[in-house]
Amino acid sequence: MSTTGFDDLGYARPDTDREARQGLPEIVYGPGKSAAQIAGVVTSLLRANTGPVLVTRVDPDDARAVLAAVPGGEYDEPGRLLAWRRAAPRGFRLAVLSAGTSDGPVAAEAAAVAESVGLTVHRIADVGVAGLHRLLAVRDDLAAADAVVVIAGMEGALPSVVGGLVGCPVIAVPTSVGYGANLQGVTALLAMLSSCAAGITVVNIDSGFAAAMAAYRIARKR
Amino acid sequence: MSTTGFDDLGYARPDTDREARQGLPEIVYGPGKSAAQIAGVVTSLLRANTGPVLVTRVDPDDARAVLAAVPGGEYDEPGRLLAWRRAAPRGFRLAVLSAGTSDGPVAAEAAAVAESVGLTVHRIADVGVAGLHRLLAVRDDLAAADAVVVIAGMEGALPSVVGGLVGCPVIAVPTSVGYGANLQGVTALLAMLSSCAAGITVVNIDSGFAAAMAAYRIARKR
Amino acid sequence: MSTTGFDDLGYARPDTDREARQGLPEIVYGPGKSAAQIAGVVTSLLRANTGPVLVTRVDPDDARAVLAAVPGGEYDEPGRLLAWRRAAPRGFRLAVLSAGTSDGPVAAEAAAVAESVGLTVHRIADVGVAGLHRLLAVRDDLAAADAVVVIAGMEGALPSVVGGLVGCPVIAVPTSVGYGANLQGVTALLAMLSSCAAGITVVNIDSGFAAAMAAYRIARKR
Amino acid sequence: MSTTGFDDLGYARPDTDREARQGLPEIVYGPGKSAAQIAGVVTSLLRANTGPVLVTRVDPDDARAVLAAVPGGEYDEPGRLLAWRRAAPRGFRLAVLSAGTSDGPVAAEAAAVAESVGLTVHRIADVGVAGLHRLLAVRDDLAAADAVVVIAGMEGALPSVVGGLVGCPVIAVPTSVGYGANLQGVTALLAMLSSCAAGITVVNIDSGFAAAMAAYRIARKR
Amino acid sequence: MSTTGFDDLGYARPDTDREARQGLPEIVYGPGKSAAQIAGVVTSLLRANTGPVLVTRVDPDDARAVLAAVPGGEYDEPGRLLAWRRAAPRGFRLAVLSAGTSDGPVAAEAAAVAESVGLTVHRIADVGVAGLHRLLAVRDDLAAADAVVVIAGMEGALPSVVGGLVGCPVIAVPTSVGYGANLQGVTALLAMLSSCAAGITVVNIDSGFAAAMAAYRIARKR
Amino acid sequence: MSTTGFDDLGYARPDTDREARQGLPEIVYGPGKSAAQIAGVVTSLLRANTGPVLVTRVDPDDARAVLAAVPGGEYDEPGRLLAWRRAAPRGFRLAVLSAGTSDGPVAAEAAAVAESVGLTVHRIADVGVAGLHRLLAVRDDLAAADAVVVIAGMEGALPSVVGGLVGCPVIAVPTSVGYGANLQGVTALLAMLSSCAAGITVVNIDSGFAAAMAAYRIARKR
Amino acid sequence: MSTTGFDDLGYARPDTDREARQGLPEIVYGPGKSAAQIAGVVTSLLRANTGPVLVTRVDPDDARAVLAAVPGGEYDEPGRLLAWRRAAPRGFRLAVLSAGTSDGPVAAEAAAVAESVGLTVHRIADVGVAGLHRLLAVRDDLAAADAVVVIAGMEGALPSVVGGLVGCPVIAVPTSVGYGANLQGVTALLAMLSSCAAGITVVNIDSGFAAAMAAYRIARKR
Amino acid sequence: MSTTGFDDLGYARPDTDREARQGLPEIVYGPGKSAAQIAGVVTSLLRANTGPVLVTRVDPDDARAVLAAVPGGEYDEPGRLLAWRRAAPRGFRLAVLSAGTSDGPVAAEAAAVAESVGLTVHRIADVGVAGLHRLLAVRDDLAAADAVVVIAGMEGALPSVVGGLVGCPVIAVPTSVGYGANLQGVTALLAMLSSCAAGITVVNIDSGFAAAMAAYRIARKR
């Protein structure tokens, strides 16, 4: 084990101390890294830590190459997530809502990451605000959740409505679904930040990963 | 009466033909005009047309000066509207919804203009989406409307929800109420244009006037 | 028939109650959905409703696959629209104007959707403001319309000019035609919202669909 | 008590049901409301609920007028907060960090709201990243917190650094402190959303209120 | 006379050579300069050149102070222009069109500068595109012009229409007249640059000065 | 010949009257039109007018197809211009400067259009401001020009420097050459509009065409 | 002296260790701090360090109050700088160029800070690129400099030209001088970052302070 | 050798005088130039100067073609740099830090250019602020540097932290690494310019080249 708290691989310095500080090993951001680099970082993290090791936003081809080099992992293709040593459930119920079918990939990433770190995910798709009864029909599911991730593109209105229905933490994820005035998700992002529902928080566009990790931070402190 | 279709006052050319083309005299945009200029334009329009003559966005001081120069008008202070020869009701029911109390001045302008051109206005305030039951409680009022003007600042979510409830025309007005990520109403504007509710239309930020006139165009064609 | 007002297909919740609320079944947004998903949603909507069922922005390949799975529909390739059970004409005349030949695809979508929901469309192409006589030559057509959809890219000036000529509802559609300072249609969008012609309304960039649905809302309330 | 879940005051519809749904009465947004309107809404909320009633962003003059009309409240001038029936502490430790002395008013609002709803606040000022040892000196305080609110203007870097040190929830608040490229806080906002530290969440610019409420949602679910 | 081509006043270096290079002495930009500084620069330019000396954007108070220090000049208050030794007319007809009465101050600056450098100005106000007949009524005036300055705020459509009517140079000036989506004139600016009328040129927002100088460059080369 | 001033081809309305109004037939914008549509419009314009007929932004493949359908034209590949009946030189000297070698395609379009309408072009490449002596070496060429087109990407500084050297009209063309902070040419565009050199005019990003046409308008009025 | 490397004043934590790390005590950012707070921080820094103590962006009234509380300092009103224990000259020649007279306040701040930390400043005002000979006349001054600060608003072209003339470090400061398309200095900022002159660096809008400190870092390493 | 200070190749004017002015021949910007054009410019520069000749942003295919035409050069593929006559080391230590592995290509360009012009580069990768101990572990390396280039995408926080640790010049390079709210590097750019660390300078997005050249300017003046 490293005494410096990191490994120096030249091209990367995996933070081997993060599990001690935050309860979870560093999670690897896949884009811009070669399969060999990912494999090197994962190997370092698996050795230095005992918890789950994850790599986000990995394409299927890279996933195959990494899994061949570092056995024992699993690839969630809808969520584009590579995972080794997934955590056992810790009894935290996370509802993952999405406004439309097209928001599916972001919901898949949120769910894959959340489950890999031990949260229990309940996915609810296509409850956009243009047909409110679809949302009102799942009120009991929402009431049972410890936290809610709300994913929406276009005008990003769903978090405001959910935020008015529930008292638990609401983590809003804007998506780049839409066109024109949606501005690749910037409009939904700004709308969620301007929400009239008190205490909603927001993460980066299309970042199911960030939402799952925000939920993990909450779960860890319960 | 002008044969050219306009008067040439030097500083302005009132469009005396507009009533013939569009059913309503030109409506005067107040900002940037002196009280004397407003009075001159109003006088020209009153003489050349028979319908209502309106001036928007007039401060109380200017209003007093103009009314002194051109008697017979009325000033609606909340809506900042000067009006002469207001139209008789034509049996068109316009619901004017606003998301928050702070959107009141925009709603006041929409209502003042709409009533001056003969629409029957039903105002419903403070039905923002963070407390949906307030909106659901007025569903019958919405169902009875011939068109709905929906006014909202912050994230501008209300038109999407209303657009999913009613089948009549929905005219959305973004307001500059809010701060930071609201970007003086630009966020609400872009959100409304990106709405997932089909067939919603949008007018300029804080423009109760534009919304009322859009409703008038619809009313006229019934 | 659903008692909840929607079907739960897992990946989607078709709003089977929308026809009752708004006079028209939910219209399906194609992008981001697989052909199988589209077919599933369409099947649900056809079963639960009696009116036209539409899917927007469908590529020819997907269209073929969906039509094979759900017979009885038609594909309008210029408008990229799939439609089943198109509505009978309801006697509402909609003029669809476009500023330039390059705006054709947006006009095609507006026309295809409008006709599928029962409006009678009169298309007028290439009447941009740099040659005003082309527009003035169709004044009689405009005067005969119950509403006008005005489609323009570049500077988006055409709606302002049309808005000054006619008294009926004007629905402006900015397009992403142009380059540089057009900013993918954002400039035309902002220009139309800033129009000096009173009562013009605006929908999202390149959204012939939204314009047609806005016209449908007006037609329905006549 | 209302059976509809709200009072209709004409200019406002206080959501009297919110305490039942979310554990806390509706919190009143002060700007754009007159002192009389605020007093009316507060009176309604006090009557229909049993928990704390708060009004945000109130100027001293308005505060005095409201307190005269509705006795029993307190005014926190640095946090611009009016509060009646403040909640008892519920044993949730919230650290409120700010990067610079100029971020003080936002920290004051966050602290005032959080304490009024029963959180125990520990404020730590002026620990910006240009002098890291100041932050490292309070690591024990951070480790003891159940959640951390991190307030920063200029480049908004502090939440990323804090997010790498602690495992608990981190709520980032961008402020408009700075000039030029800070763009009134938009730069800090976008930077925080782009943070390389996993699971950080963000609220609107200068909104100490939103951060406190996000913490409250977390506290409530423990 | 300077052999270096400029005077060094410490706070400023008047370009005394510009008249030789460009036919006109340097024109002084007023904002950010004290009356004493303006007077110093003007004195230098009057001594080193023989043509007109102008200062733009001067408030009445500063104008009085400068004129007291440097006699012989005139102040055009609507155009906020100070001028000494105004040029004789050179037989170049410049039409200055403005879309609305509120664009008056920009038109006044354009006219004041143009006349001071020897152009013959014909002003035509309030010919916005919402009432086309007003513009068509002045077609003969436009046809007689050697160049046209077209001033418009809001959506900035007028230059496109004028550009389609005339064959002479068209210089478009966007103004900050309007609100919301006009974005302080940026929308009109971008719209004019995206114009479908071929060969239109654009200058900075509200810069009647720049338009007049562009016309002067054309006039000089005839 | 058309009595309406245009041909109605269904997909397009060529403005056959433009030559009478402006001295030059309508110039066809290529993008978004099929080769068959271009051929149809060109045929109409060749029949109804006597001057040059041009089509801009045509790819080589489309150019070949159109030339096969409408013989007698020429294709300038660097300038992507199709031209029939090019005009004879009218004795107007246009200097076309470009800041860098990468700006070449824009300069090629400007030159091709300008020469096709009868201007005499003198091209000067790679005289960017980081090596001023290159520009100063061509001062005599600049002094001999009747107008100057100045093309620059990156920071767009060249027009300001040229504008300070010459007294003739300066038409600035921003290009999308550069990366990052250049924002696809928007930075150069805004910089040119903010130029400290008096009387510079600006056209759309990468629009050599617009610059050439602006020069043509000047040439025509000499 | 502090063993933690900072003082904890409650509202601020002066970084008393910075002089050891960076050769200069922390420099205090004035805005948003009361005179009493400034005095407290200055007192702390004077006690814990031996070098110059500076406060930027102080208004004259606050300056007087602080100087009364902490004697021995000096106030530079044009540069809005408070300074105690100004450093002795270290033989580093810094040229401070400004494009226009209106950029004076930014140049004053740069000069005041630079001189207070021991640099020798040579100010050269009003050498904008529209009159190049003014700049070429000071080439010898530029050649003698160890570094150059170049201050410009509007289009921000001056740093590119200077960057092509000299081989020493060039620090560009965009200013908010200008209007419209200058966008409060953002245009100049982006232009400078896009400069075609190699190796120019940029600091925040209007920040003479940042430029002086960048020069100080260079001077310190000589 | 040229007496004009440049060669006129028609498509380019290599600045053969730059080595005399600035100590280094002109560096060629590769994009938008053909291999033949690059070869021509390089040949001119090699003949007229004695120092290193560099071409940036060259793809491998173009590199091969140019090297075949102009022997004696070397191609650094990670840094996409072509170089002839690389300079001998001048004893200036430049630390090149990058926040994440994905920033590697920008670091490679910075290092390749810096070494080619004679600086001694020490690269330190993956020291992002979410794991501060990785950065603190290299404090001695930083203290030994004459200047530091700090490369970061996402929120761009690293330069602020480094700027607080070292007293030498800090040149910040924002990268386009990240997504959504990162806005292709604009967010990191604006954040770095808003840094609370005094005296940090910034170059264009992804421009390792600009950072290396800024360091060269500093090195040259030592």
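Chains here go by letter, A, B, C, D, E, F, G and H, matching the order in which they are written, and residues are numbered from 1 within each.
To be clear about the criterion, a contact is a pair of C-beta atoms (placed from the backbone, for glycine too) under 8 Å apart; a residue touches a chain by one contact, two chains touch by 3 or more.
All figures in this text were calculated on a predicted structure; none of them were measured in a lab.
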Among all the other chains, which ones are in touch with both chain B and chain H? A, D
Count how many hops through touching chains it takes, at the least, to reach chain F starting from chain A. 2
Measuring between Cα centroids, what's the chain most distant from chain C? G
Distance between chain centroids, defined by C-alpha means - chain F, chain G (Å): 44
Using mean CA coordinates as chain centres, what's the chain A-chain H distance in Å? 36
For chain C versus chain H, what separation do you get between their C-alpha means, in angstrom? 50
Find every residue in chain B that makes contact with two or more other chains and list them. 18, 100, 130-131, 164-165, 180-183, 189, 193-194, 196, 198, 204-205
Which pairs of chains touch one another in this structure? A-B, A-C, A-D, A-H, B-C, B-D, B-E, C-E, C-F, D-G, D-H, E-F, E-G, F-G, F-H, G-H
Using the touch definition from the top, list the residues of chain E that touch chain B in their complex. 100-104, 125-127, 130-131, 133-134, 137, 177, 179-183
Of all residues in chain B, which touch chain E in the complex? 4-6, 10-13, 15, 17-18, 26, 29, 31-33, 37, 41, 174, 176, 184-186, 189, 204-207
Residue ranges of chain D in contact with chain H within the complex: 99-100, 128-132, 154-157, 160-161, 163-165, 178, 180-183, 187-188, 190-198
Chain G - residues contacting chain H, complex: 18, 21-24, 27, 29, 146-147, 164-171, 189, 193-194, 196, 198-205, 209-210, 212-218, 220-222
